[in-house]
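Input: one structure, supplied below.
Per-chain numbering from 1; labels A, B, C and D assigned in written order.
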Amino acid sequence: MATDTPTQLGMIGLGRMGANLVRRLMRDGHRCVVYDVNESAVQEMEGEGAVAARSLGDLVAKLERPRAVWLMLPAAVVQPTLDQLTELLDPDDAIIDGGNSYYRDDITRAAQLAPHRIHYLDCGTSGGVWGLERGYCLMIGGEDGPVARLDPIFRTIAPGAAPPSRHRADTPTERRRRAISTAVRAERHFVKMVHNGVEYGMMAAIAEGLSIIDHADAGLRKRAADAETTPLREPEAYQYEIDVGEVAEVWRRGSVVGSWLVDLTADALARSPQLDEFTGRVSDSGEGRWTVRAAIDEGVPAAVISTALTDRFQSRGLGEFADRVLSAMRSEFGGHAEKRSGR
Amino acid sequence: MATDTPTQLGMIGLGRMGANLVRRLMRDGHRCVVYDVNESAVQEMEGEGAVAARSLGDLVAKLERPRAVWLMLPAAVVQPTLDQLTELLDPDDAIIDGGNSYYRDDITRAAQLAPHRIHYLDCGTSGGVWGLERGYCLMIGGEDGPVARLDPIFRTIAPGAAPPSRHRADTPTERRRRAISTAVRAERHFVKMVHNGVEYGMMAAIAEGLSIIDHADAGLRKRAADAETTPLREPEAYQYEIDVGEVAEVWRRGSVVGSWLVDLTADALARSPQLDEFTGRVSDSGEGRWTVRAAIDEGVPAAVISTALTDRFQSRGLGEFADRVLSAMRSEFGGHAEKRSGR
Amino acid sequence: MATDTPTQLGMIGLGRMGANLVRRLMRDGHRCVVYDVNESAVQEMEGEGAVAARSLGDLVAKLERPRAVWLMLPAAVVQPTLDQLTELLDPDDAIIDGGNSYYRDDITRAAQLAPHRIHYLDCGTSGGVWGLERGYCLMIGGEDGPVARLDPIFRTIAPGAAPPSRHRADTPTERRRRAISTAVRAERHFVKMVHNGVEYGMMAAIAEGLSIIDHADAGLRKRAADAETTPLREPEAYQYEIDVGEVAEVWRRGSVVGSWLVDLTADALARSPQLDEFTGRVSDSGEGRWTVRAAIDEGVPAAVISTALTDRFQSRGLGEFADRVLSAMRSEFGGHAEKRSGR
Amino acid sequence: MATDTPTQLGMIGLGRMGANLVRRLMRDGHRCVVYDVNESAVQEMEGEGAVAARSLGDLVAKLERPRAVWLMLPAAVVQPTLDQLTELLDPDDAIIDGGNSYYRDDITRAAQLAPHRIHYLDCGTSGGVWGLERGYCLMIGGEDGPVARLDPIFRTIAPGAAPPSRHRADTPTERRRRAISTAVRAERHFVKMVHNGVEYGMMAAIAEGLSIIDHADAGLRKRAADAETTPLREPEAYQYEIDVGEVAEVWRRGSVVGSWLVDLTADALARSPQLDEFTGRVSDSGEGRWTVRAAIDEGVPAAVISTALTDRFQSRGLGEFADRVLSAMRSEFGGHAEKRSGR
């Protein structure tokens, strides 16, 4: 097992994800050398048992060769860090990028490191703040040698949160082993990128469904009776005041839509039935965009993921100019005035 | 020509559309008896040469048999008016519904009038406030007899704003005549409903395109550099400050997207380059919804029209609960905080 | 616990779902009287311990009052069965509709049974063929009295496949009890309908993602070089031959998209890596359509679910006429000829 | 007028678009030197009055300085031709790319030509095979000097197929002049790219609408009555056999959706009422894809254009793997078998 052969890792970047990875590794007996531009983050990890480094050079010096350095950094900081590390590391050392990098950058970066004989692994990491407890899902890219060497690290991070599929029992040993380590040899962050695209679509489906349920009382509300408002033809079909949180809770238990996202949604709604602490401005951090671009380049229909992405833009008001154009057209051809309030 | 046989029409409802229809008919020599619950609207039309009626009964009394009564009313008022007219009219009289009624109501209403031997015509009318000058597009449903009898009225309203298609030259005479009268025998308002669905889709396509052009300067703007914001990878590709109004103007002239909607958009942008007088809350008045429902009932894919409809809901903030659910999920699994401003 | 108070149930309809519900109930000590128009299905259940009925009347006669009769029937057969049962049952008996009925029919049916003082419960049931083993997710509608009386039945069917949410610990007792019984008091099948709509969206998101991964080798394939084919600008970014089944397997384990649907997909791909036994014609059985209609009636954006529905229509070739219109337009304005093969 | 100052132009590429541009220019008195790799295309133009060139060098030699060379070539051939011309041309000569190039390539190419002091103009050209007769819509990018010098050429090609907007009467002279020449100073092919994206959306909206009308007889057709087929609840609402061609024809005349695309569709349907000569495989040649990518990069919602693009992929069967995944899931959770025929 992984714990048979504890090993060591350098971690650069001690945000939510980086710090939790270090904690999980240390619990399993691995030795971690840590660095962050934020000195207090380093001290916090030092307090929990990590070896503190005060600079990139210090971190490199404190690791035995062949070294393994994991980057858990915002996308914009990865390249300069990599440039510095290239100068500091030795042949056969390995760099693992575990952040949300664009897979195209991985191609460039692996090529940049090759002449220095530094190995480059890209390691899509899913599991959020819960990974500390549940373990993470890893999507690993890189050469066989360093991937095998780092196996104890990977097994600690990704022990497999679910039992293997029933039908896997008859798969060859090597394949099963990899399934058990919960890692796919996904070349470059491609698979992680698409994972996040799927995440967008699943999230949107759940959110839309709960919204339809939340508005099942439409027939109980008063509507404006003007030419700009569609009458509700059958108000008797929309007379339901349904507790959305109860619905999410029951969907968790044995239904076809049962999923970790429904679990989380049920939790959130149990604490805050109408989620009033949120405004509904939904950010996107790149991977949904890249997934849609990949679908387009490949010529593969991905209407649901595309739509989920577009809806996030809408949630942030980015469609406003287009909407003004629509209002202008309606004013031009029909003399329609905009309604400033109501729905 | 239509003017060879001037005839008479009763018009109930003197809003933008009803009043302009009356004006267009009177210019062509037809006699109009008019009624509206708003007395001043009646007086205005009287001042332009119409015969004023002070009640539905008065209007009916002032028309010769067989009568033709055109309704240009908000959807909510059509049924009660129809109920009263049923008592007042005689066999062989005709009622024409020219408003945006749901075609399913036409089915019910024609059946309701049949035992009274009152003819029911449903007449989808497109052309907006410009119809007075350009003529309207009519989509007529009803029995052959009353449709033929009312032909002079229809020809005045819908003279054909475009020349017939090249390939129509060899169509049989009867067919060409109908083409010239710019009317299709569309059973019930079905065709008008779908027309408006198509309108939603075309409007959205134009608005989205102009919005993409309006934002072609994205590479010139400063972006936040945080984990919630996607970096723009190639800012050099988005350095264009393009005059959206000039684009609409040039698209009017010989391009594949040339259309009345682009004409109107160019006009609006010429007067107001950023359309600042609009907020972008886009109403929908029912026909887009009914079109999507028809597509679903028929099992026909209509993703573009559906999406255009959904975007109107988004423009009015109706997706807010779903968006809050998304923010809640992101907070749960990734600890992501909502960005309250910026984009 | 449920098993403390075994009770009895009449089951009409012994298809996959009905038969498994009976098996699950009998395992837990409940007594089942069963009927199906297919005599051999009745005999099979009799062989497993159920009391066989040879007619609806026979089934009613073999149940003690107050009776509970569960219908698990195709939508088209529900109404005639209900009509017959209305004659046979007594006041205070209960009918439970567990099939995929349209919730609007539930409203009508409850009203139809009310004068007979027969209780009507509608019970959306999710869990598919796996429910026998895992338990089902129930979404129950109906009056408090009969719902409470049938609680032992419901607890057996829906024991809760997942532990209650962390945050539920502090919810009031009554609420927790309902959570534990895995049932939401969803008026009418509304909640089940929306559940299936969410299912459409989640399924589509997963399928699209795996398709993008399956086509990640686009840069390795030869493309036609004609004016009708878009060149792939960066083939070097699409050089990956990824085992889709491995990806589904790894996503099962701790990732954000982890879900029962991903579990099932991983199973299917483990058995058949390219799913060649399927043609890709995806049926829809109504609830997706009704969900979209509800969203439209409520004015709630549900673009992802709508799109997932439309894509099913596309998969069955229902967009062909629209596509021919597109080809005709392209031929008209650009002289483009259709490519009959290739992609 | 343009004809006051006839001038000369070299045209490379004599396909449908190139040949018609030459014809239109010669009619207006301009002198054209023409070249194509296809010798017979050169001879045909020579027969119509053009000066034939047998090579790029020959073409360059036959033009007076400062030269203007227009490229109307497939995207894949533009770059090598440009490389050769760079060697052959002199400072102050101009190259105009009139084809469907990606605007990002224009940026690179203008930079490549700058050190040679050769001007680069990119000139998005819309109007299809009809442009010969109607004139084209031009979207011109480039420096002021060469754009002004080539004005007579541009005016012949793009005289303005529609009268200027009403509201343009009061625009400053310079602006009006540019409007009259039907050209927008769109930096690079960006505007043309988006134009084609809008075209996709408008085309799809029209095609969907006509498809809904074509299927308005759904209630007259027999449906399968099995668990995989949604019953049509209200067949009486879909009893219409509507002549789709008549609808397109009437929409041409004064309706809100009136447009050149509807004109062309009406023509096509007049000749072939069900368009049986088409299979419905709809190609896409790049600009729709690039438009969606631009929208994503800018963070602008463009759901309608994205959906129209995706639907083209669907029409060519590119969603098949995803659809097989859906069928596999349905088989897994519900035991649903695929229906191999019917709808």
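The definition used in the following text is that contacts are C-beta pairs under 8 Å (C-beta built on N, C-alpha and C of every residue); 3 or more make two chains touch, one makes a residue touch a chain.
What you see is a predicted model, and the numbers here were worked out from it, not measured in a lab.
More inter-chain C-beta contacts link the pair A-C than the other of C-D and A-C. Most remote chain with respect to chain C, judged by CA-atom centres, is D. Put simply, the C-alpha centre of chain B and that of chain C have 39 angstrom between them.
With each centre defined as the average position of its C-alpha atoms, the distance from chain C to chain D rounds to 44 Å. Centroid to centroid, with C-alpha atoms defining each point, chain A and chain C lie 28 Å apart. In chain D, the residues that reach two or more other chains under the touch definition are 128, 204, 206, 208, 211, 215, 230, 233, 256, 260-261, 267, 289, 297, 299-303, 307, 310-311, 314, 316, 318-319, 322, 333, 343.
On the chain C side of its complex with chain B, the touching residues are 256, 289, 292-293, 296-297, 299-303, 306-307, 309-311, 313-314, 316, 318-319, 322, 333.
Remark: chain B residues 16, 74-76, 102, 128-130, 203-204, 206-208, 210-211, 214-215, 225-231, 233, 260-261, 264-265, 267-269, 272, 274-276, 278-286, 289, 303, 307, 311-312, 314-336, 338-340, 343 touch chain A in the complex.
Against chain D, the residues of chain B that register as touching in their complex are 103-104, 107, 126-128, 131, 134-139, 158, 160-162, 164-168, 171, 178-179, 182-188, 190-191, 194-202, 204-206, 208-209, 211-213, 215-216, 218, 230, 232-234, 236-240, 242-243, 246-247, 249-263, 266-267, 270-271, 291, 294-295, 297-305, 307-308, 310-311, 343.
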